[in-house]
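First, the structure itself, so that you have it in front of you.
Chain IDs A, B and C follow the sequence of writing; residue 1 opens each chain.
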Amino acid sequence: MSTDQVAHVARLARIELTSDEIEHYTGHLGRVLEHARQLEDLDLDDVPPLAHPYPLRNVFRDDVESSPVDRDEVLSQAPAASGGQFEVPPVLGAEA
Amino acid sequence: MTSAHVIASEVRAGTRRATDVLEDFLGRVATHDGDVHAFNTVTAEQARAAAAAIDAAAEGGRDPGPLAGVPVAFKDNLCTRGVATTCSSRMLEGWQPPYDATVVQAMTAAGAVMIGKTNLDEFAMGSSTEHSAFGPTRNPYDLARVPGGSSGGSAAAVAAGFAPLALGSDTGGSIRQPASLCGIVGIKPTYGRVSRYGLVAFASSFDQIGPFATDVADAALALDVISGHDPADSTSIPAAVPDFEAALARGVEGLRVGVVSELTGSGRNGAATGGPAPGDAAGEVLDGIDADVTERVLEAADALADAGATVGRVSVPAVTYGLTAYYLIAPAEASSNLARYDGTRYGLRVEGADVEEMNRLTRRAGFGDEVKARIMLGTFALSAGYYDAYYGKAQRVRMLTRRDFDAAYADFDVLLSPTSPCVAFRFGERADPMTMYRCDTCTIPSNLSGDPAMSVPFGTGAEGLPVGVQVMAPALGEETMLTVAAALERAAPPLPKPPLAAVTGSTGAGR
Amino acid sequence: MTAGWETVVGLEVHVELATDTKLFSAAPSRFGDEPNTNVTPVCLGLPGSLPVLNRRAVELAMAVGLALNCEIRPSVFHRKNYFYPDMPKDYQVSQYDQPICSDGWLDVPGGSRVGIERAHLEEDAGKTTHLGGADGRIHGAVGALVDYNRAGTPLLEIVSRPDIGSAAEASAYVEELRAILLTLGASDARLEEGSMRVDANISVRPAGSDELRTRCEVKNLNSLRSLRNAIDYEAQRHIELYAAGDAPVQETRHWSEDGRTHSLRSKEEADDYRYFPEPDLVPLAPDDEWVDEVRAAMPELPASQRARLHECGTEPEDAQIIVGRGLAPVVLGAVEAGADAKRTVTHAVQNLALDGAELLGIDHLASLVQMETSGQLTATQAKAVLGIMCERAAAGTADPAAIAAELGFEAMAADELEALVDQAIADNPEAWEKFCAGEAKVAGVFVGAVMKATRGQADGQAVTQLLVQRRDA
């Protein structure tokens, strides 16, 4: 795994890293992925993937309202709030 | 130390007050938690109010429930309304959820009294609690050693006598491994047996909540209380909950016990148990499992054979790949589960010129080193061009594991292995990530398959430190698992109490 | 369209499903309330919260799929990972490579058939309000406010194949889709209010070829007119690019009020959504029995309603209006119950553009038309009664006889009307002579006189009939 790849992944994950930190994580992730190479030789084309450990299907709830959470209680935990809404810095580079 | 059983029956009978029970335990916390650091938060005032309510109920002739007056410690990744739920992360420091986790409701409704929130590896990512943002928890048996993790605080709290019961969460071994290192009982139930609603997610398809206790009976009692279908968790299994406590008295006569070859060497004396067993295969033993631990597992197997079980060796080949598969899938799920910590709705925010910068700076400051590493690893495993080779392949290994276990359970009722490859290690001893991850070698396979597994203390290993034996069972096979665990408990050599216990007059024969 | 080229359009239509609660949480799915009041821990992405799928949303999706001739297939929800402040979990839960509905078609009135690639369920985001920028736009904003009331609203994304060949056809496709959604009660499907959102994938190719050239996805189409104009504009832009030896770039473009499409600033990072199966939800696998139940509960679809309206003599335009207003069941029902088809259709087209009209009871509409046909009510009176019937339709108290009585529209006794007619003849002898001489238009004099005497409550047709009887006697 290269430092470029680590930098790319850090951008995708929205984690600010210094170049020293990128080096550090390149080593860390590299060791784990090196270990993961043991899977390379494993022929699993005939084995389907397993996403859920217990084979449940069709779990629903009825379309019935329950009481919402208290807005003040939730907003009291927010870093910034205004007029009953969560406040954030400007959003750039996105569509309206 | 008094067991939960004894406390609950006395409080229910009105012969002991929940308030007095609580003060005993709060006293121990006050005396020793400065050394152990099991708790992030001790909720003394709330606990006193809850205990008083239990006493009032008992005095008023109302049954406070099966856990009447039993102090319980909750891992600090279980949501507790109005009580800080931090996941031992700067990111959630001080965050007060507006709701209780389903298990917290269940325990409270059963009469348990929350005594505090326990320390963990940040967001449950780790095997030593060294990754807590608030400093590590120390092992009550040796304060220079780790209690295991990630539920190290819960395990240490029970081992140190701060509470008879604690709840933790187990994603790759985070209940069983610290239980093993702290000389207590820890259960990871079948995935879906216990509701995850209100458990702050690490890796959703592995996470499962379970109890810690000083003995199997108390663990079964707590498991009874927290098990059952919850419509708020889509992965919750709609199955009836058996009477787990009733399983304890059953004998192991006729049960077929398989010792997992890949996780258990043959010991110094060669094969510990009889001849070849059905389904036997000589799987290659994985590296890094200490001899002292292997010896105890083989002795445990012998003890079960003596008690009438049929014991053999069984190969579960896929466990060889378990660690690798787990350390791709779990970080992948975590990378998505932890995306929400972006500084917008709750928890930490570091201001930035725009939202994206605010996100990046917040996540830089809020997450510790291990969490960042796993988020990036998981992001990579899911990213375009790598998904099939990493995440996709790991999911297939998961299926392989499921199949290998199914094959093993065709021949055996339960499987046996070490819980942890080693006894409690010293702080800093496993700084290399792969070395630390190998702590989970024996526990991860059950998380991949979703099957239940538990750790039971069985003697001591190097330097007199506790060793845990892992009992594994097929999905929803908790009763048989508990039957075997109870038999092991009866056969186990007496375990010295942690030296901390000396303060209240118990034996201090540990090291 | 410039000669030698043809337009190729595929549409992606998002509709908000008409459920009471959200897709994965029991919070009310409702708009116009105070910000952040219709939210549960799930809608806010609070740590520890978990999704549970709304059965009703799945049934509505299945009904739409069946109406679009799709196959209903097992499905797995996936997470689509990207950061945005109004996405509370910073991932969107959506059916990805296994949508619940796939491979169907929609017959557009006018004859063409448009393939439906898929229809899948996903959750909506919250709403971000940008502060400080001109007109609330992002550019120049100093901050933003986020309201999660809309977060988690169930959306069905219906993706057509690139089978649409013109702006008009695209518009007709959306109208027909909208009629189906309304008929099923699956969505209120209002383009202007955003409960139906249309994105158009537009490209061009040499006429007669079947190649698919580079397409552009155009967003912000909040009316049928925008949709048509954007398709024409974008197709022309592509043709001009090709004519200049250039070619369009595959990108997302924004339709704006100035009548043009604009390229959205492309992000530095290529999108990498890192889809993977949502571990907090289990697979969805509707069995045949459930699919059959949903199918059996479906009302008659617009195409069939139109065909039956045509059979009873309704003009195509009128049929379209009736179906578009959701009035076909009541109109067809009333006609089947014996009401005069022509009068019923006339009411539906002229007098029933009212809220509540679709709730009218079939018997009530049928008896109103019968009262009119029998002369108990005049056309004017019938219209007045209908208005009140619509107001009361929801309450089920829209009995026309009772309303007519309330309004004092008592049917006039035949002899009373005859007396009034005779009086009018006696009062206007000259006019009567002209009428008897064959000047039919002077009938108005007598009708007017009778109307005046009855304050407009007499039936003009009945008066005319009496005049004719007197003349021919």
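FYI, contacts are C-beta pairs under 8 Å (C-beta built on N, C-alpha and C of every residue); 3 or more make two chains touch, one makes a residue touch a chain.
What you see is a predicted model, and the numbers here were worked out from it, not measured in a lab.
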Label of the chain whose CA centroid is most distant from the centroid of subunit A
C
Go through B-C and A-C and name the pair with more C-beta contacts between its chains.
A-C
Chain centre separation in whole Å, for subunit B relative to subunit A (CA means)
24
What is the distance, in whole Å, between the centres of subunit B and subunit C, each centre taken as the mean of its C-alpha atoms?
55
On a C-alpha centroid basis, what's the spacing between subunit A and subunit C, in Å?
38
Enumerate the residues of subunit B that touch no fewer than two other chains.
95, 98-99, 205, 231, 234-235, 335, 339, 342, 344-346, 355-356, 359, 379, 383
Give the residues of subunit A touching no fewer than two other chains, as numbers and ranges.
12, 14, 51-52, 56, 59, 61, 69, 74, 86, 88-93
By residue number and range, which residues of subunit C touch two or more other chains?
41, 44, 46, 52-53, 83, 85, 144, 146, 272, 274, 279, 281-282
Over in the complex, which subunit B residues touch subunit A? Could you list them?
95-96, 98-99, 190-192, 205-206, 231, 234-235, 237, 321, 323-325, 327-328, 335, 339, 342-349, 351-361, 363-364, 367, 372-373, 375-377, 379-380, 383, 389-390, 392-400, 402-403, 432-434, 437, 448-451, 475
Contact set on subunit C toward subunit A in their complex
19-21, 26-28, 34-41, 44, 46, 52-58, 76, 83-85, 128-133, 137-138, 141-148, 219-220, 252, 254, 264-265, 267-269, 272, 274, 277, 279, 281-286
In the complex of these two chains, what residues of subunit A are touching subunit C?
11-12, 14, 51-52, 56-66, 68-69, 71, 74-75, 82-96
Subunit B-facing residues of subunit A, complex:
1, 5-6, 9-10, 12-17, 25, 28-29, 31-33, 35-36, 38-40, 42, 44, 47-54, 56, 59, 61, 69-70, 73-74, 77-80, 86, 88-93
Partner subunit C, residues of subunit B touching it in the complex:
78-79, 85, 87, 92, 95, 97-99, 101, 196-201, 203-205, 231-235, 332-333, 335-336, 339-340, 342, 344-346, 355-356, 359, 379, 382-384, 387, 391
